[in-house]
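Both complexes shown next keep chain A, but they swap its partner, so chain B is in the first and chain C is in the second.
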Partner chain A sequence: MLDLGIDVLFKGTNFLRLLQGLWVSIEISLISVVISILLGMIVGVLMTMNNPILHVALKVYLEIVRIMPQMVLLFIVYFGTTRVFGLDLSAEASAIIVFCFWGTAEMGDLVRGSIKSISKVQFESAYALGMDKVQTYWYVISPQTFRRLVPLSINLITRMIKTTSLVMMIGIVEVLKVSQQIIEANRKISPNAAFGVFAVVFLLYFMVCWPISRLSNYLEKRWV
Partner chain B sequence: MRKNIINKITGLTLILALAVVGLAGCGSTDKAAEQGSGEATSAESSSQGFRTLDEIKKSGTINIGVFSDKSPFGYVDENGEYAGYDVYLAERLGKDLGVEINYVSTEAANRIEYLQTGKVDIILANFTVTEERAQEVDFALPYMNVALGVVSPKDEVVKSLDDIGEDDQVIVISGTTAETYLTKNYPDIKLQKYDAYAEAKSAFENGNGVAWANDNTEVIAFAIENEGYEVGIPSLGDQDTIAPAVTKGNETLLNWINDELKTLGKEQFFHADYEKTLLDTYGADYEETLVVEQQ
Partner chain C sequence: MSELLKVTHLHKEFGKNVVLKDINLTVKKGEVVVIIGPSGCGKSTFLRCLNGLEELQDGVITVDGLPVEANKREITKLRQKIGMVFQSYELFPHMSVLDNIILAPLKVQRRNKEEAVREATELLDKVGLLDKKDYFPRQLSGGQKQRVAIVRALLMHPDILLFDEVTAALDPEMVHEVLETMLALARSGSTMLIVTHEMAFAKAVADRIVFIDKGEIVEETTDVADFFKEPSTPRAKKFLSTFTYE
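Coming up: the complex of A and B.
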């Protein structure tokens, strides 16, 4: 049988460390995802308003997030804040700030898109029934928006989980970094370990992302 | 009409915002620190972007940046403990300072950034001393040598680059110091360039070239792992050194490290370090080539 070097994972505490690394990734991404979704909803609704100042400000925000690579944002927040303001943010806090900054903008845009895609008739009918603005959004618009949002936001969430691998650049040891450490420490004894270890990392990411994608399927079926 | 104006304003604001962010972004890269935002750097050092020796001792922990995936210099072993040539020194520094060590896993690309923001006190991550880097950080005395090396088959060992015949080719990897050095100093030698380590390796094993020039640590490790090859020239060109680095201006810590390195030199500390961490990879023959002891 081909030696894939998976056995290196069972040396010492290697596998445990890999799981700890995975937990670091999950922790950072889940905290960011929850905050991003909540803030994203607000930003999304704000984006649909016809206030020109708000419109410009949010547009600038969204474009910055789109243009800036997450890696650059991480460096700016982690090293830049210390350099410019003398604030010593922890690496985890910086990572969460960057991921929320990014997630909120993209989520906001998804919410905006979903609201805009709901036909004007829905609003007009609600107003005709005598509902006010809040009631219209609460009873008529948001249920339809949520349904459209589910598949879109699942994309964003899984993307955020996978992008956590970048945080190794600011010294956080997450699952991918642990796997590199394991491969490198065993380079001589087991040169093929890279394949086996990365295959396991792939499975771990899959195990995290797959339930989320199943949940989305379930929700979509239930609501249709 | 109204829409048009709004669009224009949006565009302008965007450009402005990006310019501001762009500038802020540059501030955090090393290059711009020399040019535009030189003020920011000097302002920071006056407000002290680092911890002095006393402050470190008082806090009871020292932050040391090391590689966590560069075996055998800095890596994490199967028990989750940091180990390697650099870490062996870090352990000793921590012990002699009487403080706990907090290891920070660094990457080649962020080592300077970590020091300049004071997020680590010392970098011990196989940090080669160069003039450009010495403008950004302060290097202590060296503890290891790096140079170029040339490996060739055992039956026809190349002992000097002058022995290389007109039709012989030397294998190099593009973009390495070996390529730059040979192009500059031996323009007559024909080079065979490869992009990746693996390609160069198989080309050399197939006998496409009479010799292979690369970092000496690389060629030494290659000759030990593969039968039938010998490093004819273990040290070529400019000797570079590897040294601990601290934040620019952190004199108390720098002086302490230098004194410590001198004390360690007396007890032949780095020979012990070599035997403990590098012997398996490089063998006993290269101990004197690679190790530096301060007298």
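Coming up: the complex of A and C.
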């Protein structure tokens, strides 16, 4: 039979360790996603305002996030800040900061796009009925923005989950790092493990992301 | 009859482009004023000014003696006195017909829900849409949406109603049902300011015709029938002649 090298996962606590690694990935993504969504909503609303200074500042922010590879950001925050600012950030904290920095910008841009896509007459109809700005946003604009936002932000969430695989570069032992450790440790007895273990990692990522993207499909159909 | 709306020396420009020049107009309670004029003459902008959706460069607008000023806190109170229906029938797409109608009465005027629902139901019945009250806007035709929009404006009990080319975006067969609704309103004594391109309707509904061209009131008359037969200014004559095919 073809040796896929999956057997190493059943040795000792290997599979449990893999799941623990997965949990680390999920934990970092979950915290980052929640913070990014909340901050992103605020940034998104700020982006739609007609303040020129704010506009330029947020534009620069968004461009920095788009241009910089996430890995560079991780290195700057984790390795770079320690000596320069005397900050002793843990790897997890650094990862969450970077992911929030990234997620907030992207989420803000999605929120901005969703608000902008709502026609001006929607605002004016609400104003014409005597609603003030807060009431207009609360009852009329946000519910519509939210519906357009869900599929877009779910796409961002799955991207963030996948990108957490980078955090092993700053020493966090997440699912990918654990799988490397398992493969390295069993190189002699089970040389095919690279295939089997990474295939399982692939399945794990799939199991996390697939339900989320199904949910997005479901909501999209329900709300159109 | 008392003066409900008073516009004096209204001046409005977008950048260097002057849209309205020295407009003066008084509307009495119960009066139906129809504003006509070529496209781009400023009539829609005029209605938007009346509702505080545009800032003025000069002039004063008062409703019931209170000044209409965009960007002032009081504007939300004042807008409750002024109902407005737009050309693009914009109901709130995420709410049912009934919720669209009672949203502002409940949230802005803090009215009792039961009472608001009862009145909304009566009004929907009047315009023949009671069976659609739980529908969503996307399930309605343009004419039905526009009638709901009218009911939505009415439920705020406005002192004056503004209609901005409400039939312009409708299929021809739906224009009639909306105009019927407006005619019934006019007959019931509502104060209305209507911008329209439907000349036959203007003739039937108007107490007074205001003809605007290039941002100015060119002709204003209460002799509605005469105006359509023989307007006194050449510009109005030329405009009206574009509606006949000979």
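Note that the second predicted complex is superposed on the first by the 224 of 224 C-alpha atoms of A that agree within 3 Å, B and C clash if a C-alpha of one lies under 4 Å from a C-alpha of the other, contacts with A are read in each partner's own complex, and residues count from 1 in each chain.
We adopt the following convention: a contact is a pair of C-beta atoms (placed from the backbone, for glycine too) under 8 Å apart; a residue touches a chain by one contact, two chains touch by 3 or more.
It should be emphasised that the depicted structure is a prediction, and the values quoted were computed from it without experimental measurement.
The superposed arrangement places chain B and chain C next to each other on chain A without a clash.
Once the two complexes are overlaid on the shared chain, A:Val121 sits against chain C while remaining clear of chain B.
Touching more residues of chain A than its counterpart among chain B and chain C is B. Once chain A of one complex is fitted onto chain A of the other, the partner contacts of A:Lys177 are limited to chain B, with no touch recorded for chain C.
Once chain A of one complex is fitted onto chain A of the other, the partner contacts of A:Val140 are limited to chain C, with no touch recorded for chain B. This overlay, made by fitting chain A, leaves chain B and chain C with a least C-alpha separation of 12 Å. Residues 51-53, 76-77, 79-80, 82-84, 86, 88, 90-94, 103-104, 107-109, 149, 152-153, 156 of chain C are the ones touching chain A in the complex. The touching residues of chain B, when paired with chain A in their complex, are 6, 9-10, 13-14, 17-18, 21, 24-25, 27-28, 40, 44, 47, 49, 65, 68-71, 75-80, 104-107, 109-110, 113-114, 116-119, 225, 280-281. Chain contact summary for the complex, chain A toward chain B: residues 8, 11-14, 17, 52, 55-56, 59-60, 63-64, 67-68, 72, 75-76, 79-80, 82-84, 86, 88, 168-171, 173, 177, 180-185, 187-188. The touching residues of chain A, counted against chain C in their complex, run 119, 121-122, 124-132, 135, 139-140, 143-144, 147.
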